[in-house]
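One structure is given below, represented as structure tokens, and several questions about it will come after.
A, B, C, D, E, F, G and H are the chain letters, set down in written order, and residue numbers restart from 1 in every chain.
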């Protein structure tokens, strides 16, 4: 179990780092998809098959595509000077380092973290379905509302003024 | 369960190999016999026989982006719909109504968008 | 494999996302950074669910599913916002937008 | 309606318009009207919209290059030859200067008749090659006038988009002019004729 | 209703697909080079020079009058008249082409040379399998390559050739009559003159 | 005996696995289920290209390739050798890494889909609980690779083609998933193997395929239309529409990279057809109860053959849609129909068995089809016109 | 009739400006479609500016096949230009022959015998059949129907080409007509074969109608696309099926009654919308009318000479003067304008090409439409570059 | 002893090369994909060749690729004008090796009937090497099929190694040629001397 985990973790982190540091925005998104795919792999390792595939479907199949669209819409593909470090880079890196440090410290100090893998639970999509339609039915409706609101909001925002005037 | 992941992993490796293998073969062939001869004309961008002019990576049309948004929302909807569908045979009518409401909300948004002329029309 | 491994990865991911969101000046990249942080959280949720006492309860999984939904909504609106801003200011550079807004 | 009637109609409708009939001696008997530059737009508008002819369709626009040519006229001159007054024919040679000519063939879709032929002439072949464009009246002339500009070098004033159309931008000659000499690229001609043969011989002599 | 026209179209293609297995109408391919369509009699491709008898040089009808060279629209014929004369089919002394080149890479197969030739000397061949990788060697045909026998002419355009034969025979008869008359008159032999152009209405 | 023939490949695999050391047993076992996929489907691709060219030829009153090898059967091999030895050109302005990765990713993504296709009884590479979702998830990766191809070429036509491809694929992915949800609702599982099993019974001699229900039939048609669009086949071949965009997103690809795109297109077509067979046409099951003696895998490939023939037939007949019409069709016809079909499937379950259920559900499918279809036609006032004649 | 000045290309520029208003420069994609493009029918080029998929600006660029037809015509004798006319609109050499012969006959006052007139009508109408069938084939091909309609169209075309070959000796470059008649009389059995081909043609048209006539995709792609108004069509000199699709009753066969067209009973189909679909259908209907003409002509053809005996082949020198002769070619009004100075070569030899003039309105029809529509519109104009560029 | 082995080795290599060569040539010649590229009259005959009656598809050559990147064969079908020549050469350059050119028809070979024109290139072989010439104006579809078979034969005769190996296998030989530019009067350069070594006028030297 360790070897696949290491490989996938390395890929994920590498993807994430590349996504945050490459110059070309499209390359960033492509690296991001690598990170997403790695995460999906990790979900699979953790036995959450449905979530893993959902991750691929939504993040790679939809969000990455949407981001690419946004990049092309905003002419962000040309390598630009965005990488030039902002003046606040020192404070920023201090913040990042602090956050990371706190997280690692928390992980290490917690007794939970040394827990080993329990036997894999036999969960099926059907169970998820029952849970969703039973205990989580209210969140489901709320999510529905949220998605609709997001749809309308995003469309209004992204719509061209000419279209909006219609 | 992990067996099927192994299958997928192997399939992935083989598939990549299937793509890479011939490319490597082609590369070897090119090295051995048929040398690649790049040149300024040959490797210029094709544009109907003319020299390409103007910007290529232009900013793109917003119309498609709106589709992208609607697609994203419906893709997520599918994530919720699939577990529901799997459990459907064992569900009560009430749960189905709940799902209908969920669907209805999204359709509402779609209809609104369609009214607004987002879903492209001529 | 212990839980700590996953948590460390999640923390790293979070840190990378945060670093990106803080240092990059392109709004889209900031959004990507935020998306990474969200994913780090998701990974935590799944990991805790898996290592938790009652994985049969499926809470973690469903949380992540909802979280994906929320992330999608966030991405849609966020990117739409960036596009709207771009249309107005002709740039996606946050510094520039900042100085423009007055 | 005969060509004379058209002429008088135009002249009465547009005062000051100079309309000259150019007779066509061939069996086709398609005579034409030579117009002056100032009134041509008015005449054209009149022909299209007002006149009974309703010439709403301009079919063909042609450029013609008339080289300067010698015109010989036989003039009877009275001469005193050996004291006797005799009528002697003398040939007077005059050089008619060359000019570029543009011919419009007009028809009527509404009344289904035609053609009425209009001609316009430039003053010479070199500098004064401007003519008013009839594209604003008949859109059909747009490309054809561009072509004439390209191949003959007539400059149409009032044309919305006067660019070369058949030859490339950057080409300087007007190849349909009769004195155009094409670039010599008969380096190899297995079956040469006439001037090509001549040039071919010269080429081979050099080699 | 949506889809009706599409279904009709699909039915039509299905009919053609199935028909291709049973009917020649629906499988119109002629598998060249194994199968060939019969060549139309009027078909024309490139000109050739007709010669009578066995020897192409002796029997060549062309008298190098150069009319075809002049009339050829793309100017692909090049003729050089001979210095000396040789007797033609009628026994008259005639010039002959010392050089007769046709650049078939230029020829547009318009048949005008055939129409204007007063001597029935140039005709259209039907060979079309002429592709070559030799631009100058393969496509500039000299008189030897161009000379084909009258029998070949008869084989490819039988009707035309018969008609030509009639014309030539009539001419020959006329010429013989004239010679006889001339002999009778014992006057000097008449100048060889081209017969009246008969090409205009000739089928 | 029929049982043995039916299971011959499974038995063979077990026999082979039994002969290797236990340490590598799982690997070998999996390899034995993976390698046939990698070998068989590309071979099928080669066959299909000949079939398509000959079939189109027949539709068009001609023979098609028939001179290379017996009946032109070796044509794809010649094409393969040719493309393999063809020079590889990467434009100077192209993004070279992405340019290289795009076809590889595309081929990889299309291949992955085969993992969950049951090609015969007990013949599936990976029987996963969320198999159908896996299929769609993997399928959604092709969009990204198509975009990569178009974008990295830095060619105007490629970019336009990539844009079209993404817009088209995302638009048709929604109806694709929604129309298959009906089947999942009835089957109660996402596992492809279980879905096939759900359809395995017979009433009399007729099978229990989902396509033989009102919602199933509608779902099947919707699924196939969406599948055609997903695999960029005519009449939805806009991304590579050669009369408009030269060769669309792969305009700048030469040599074997181009062949990979070709391969991926056909592989995608086959895998999505396989999914349609699994979901609606009972997978490897025989269509009539007395035909069960024919091995299951033969049924699967027979059905696949019919699907491919259908694709070719449609390609030989229809002109291409325009981009806005394509999108309108997806969002204004396909999506509403898929949603209504979803409700129909729900109603089907809650109604008692009988003729009434059939009538109601058929009406629920047909009525919106007629209404939407008419609206689609009338909205544009599409009609056959009459003309006047002048003397 | 109001002033037509708003329809000039300046107005097109204005429309482009309106369409691009508010769109930043970088959002527009400049694409040149052609000269090497699968659906520009040769070496035509359109410089297109796109806003997404929508065409906001379009400039046709021609001249890639400018092979100096007119100059060569002026340097050659009258007869030598005849084979060159074959290569103008290379799909319809026989109508080109006729237009040129007509112009020369008008110039020199030559009569054409009865039988030759019939031959001309028969060959011209056959030409119209094969041209129109290929055009609708190409049109649908450009709209993405992988070859099938075009193949069917060419299947019929081949039959007609066979007729041409056995009559004139060549499939495409017939070089058949002469001043004062035709070159060769019909070979034996030709008329029967032609009758058979013509009799089979309606069957092909029905097949074609079945294949595509009610196809929803075709209708959606063509109806309402590239509409051309009556007024603009007339003013821009558009002729042929294009003009008639816009509802203008103007067929030179009816107007000039050249040849012997007044003897035949046929009608002129007219469209009301002037869009691509109308042009497509008008062509199909025109083919049906052509079949009617052919039936009559092949029934009535009299025996007799096929050349005016006064006509000369060699040394043809018409009197000085000029003449414009025009016919209804499949693509529109094809005119020849000849000026003779009394020598063996024309002083001016001008071709009035229908598809060149028809191209004038391409921009008007395309602006605001989708890029895929421009292909359909271009296909419906039916250009042949040999004629556009000459 | 060593020599023996070397011999065997060499012959084995020879066999290997021969088989490879045969396979390579077989693959190449049976999968020639033409570029969708029509220029003029001949293009119609080229289309006719792919249509039902003649069916070029039988040779596996119906895969007309609109993009030069995927094409093997450029059928120059029709008149190449000077305005078009740069585009033709550029397209040729953009095709990947191995690539072939068929000059179809009189115009493509030599300018044909239009060679007298000022804007007509007198043969495409002035700029790119041509593999097969088909005379005719236009050549019959059968002639194109014949040319296609001639090309196949030519491919079949090519060797994988050795001094006579074709251009695309020889590193020293170029695979792209100079693209002419539009000049003020003519194309610059007027021909590419690498493929068109200015032949002597045979007509005159011979005569």
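Basically, a contact is a pair of C-beta atoms (placed from the backbone, for glycine too) under 8 Å apart; a residue touches a chain by one contact, two chains touch by 3 or more.
Since this is a predicted model, take the numbers as computed values, not measurements.
Shared contact partners of subunit B and subunit E, listed by label, are F, G, H. Farthest from subunit C, judged by the mean position of CA atoms in each chain, is E.
Between the CA-based centres of subunit A and subunit B the separation comes to 17 Å, rounded to the whole angstrom.
One inter-chain figure worth recording: subunit C and subunit F are separated by 34 Å, centre to centre, where each centre is the mean of the chain's CA atoms.
Centroids of subunit D and subunit F (each the mean of its C-alpha atoms) stand 66 Å apart.
The centroid of the Cα atoms in subunit D and the matching centroid in subunit E are 42 Å apart.
Along subunit F, residues 59-63, 84-89, 128-129, 133, 136, 140, 151, 156-157, 159, 163, 166, 170, 173, 188-190, 242, 246, 251-252, 255, 316-318, 324, 377 each make contact with two or more other chains. Contact of a single residue of subunit E with at least two other chains is seen at positions 2-3, 6, 9, 12-13, 16, 28-29, 31, 73, 75, 78, 101, 103, 106, 108-110, 136, 140. Among all residues of subunit G, those that touch two or more other chains are 24, 26, 29-31, 35-38, 53, 63, 66, 68, 71, 83-84, 87, 148, 151-152, 155, 158, 173, 211-219, 389.
Subunit D makes touch with subunit G in their complex at residues 24-28, 30, 48-49, 56-60, 62, 64, 103, 105, 109, 112, 115, 117, 135-144, 160-161, 164-168, 175-176, 178.
By the touch rule above, subunit E contacts subunit H in their complex via residues 28-33, 36, 45-46, 73-75, 78, 80, 99, 101, 103-110, 128-136, 138-140. Interface residues of subunit G, counted against subunit D in their complex, comprise 1, 3-5, 7-10, 13, 62-63, 66, 68, 70-71, 74, 106-109, 232, 234-239, 248, 250, 255, 318-324, 326, 333, 335, 337, 339-340, 347-348, 350, 352, 356-357, 359-361, 389. Interface residues of subunit B, counted against subunit A in their complex, comprise 1, 5, 57-60, 62, 64-66, 68-73, 75-80, 82-88, 90-91, 95, 98-99, 101-103, 105-106, 108-110, 112-113, 116-118.
Considering their complex, residues 2-6, 8-9, 11-13, 16, 28, 40-44, 67, 71-73, 108-112, 115-116, 124, 159, 197, 199-201, 203 of subunit E touch subunit G.
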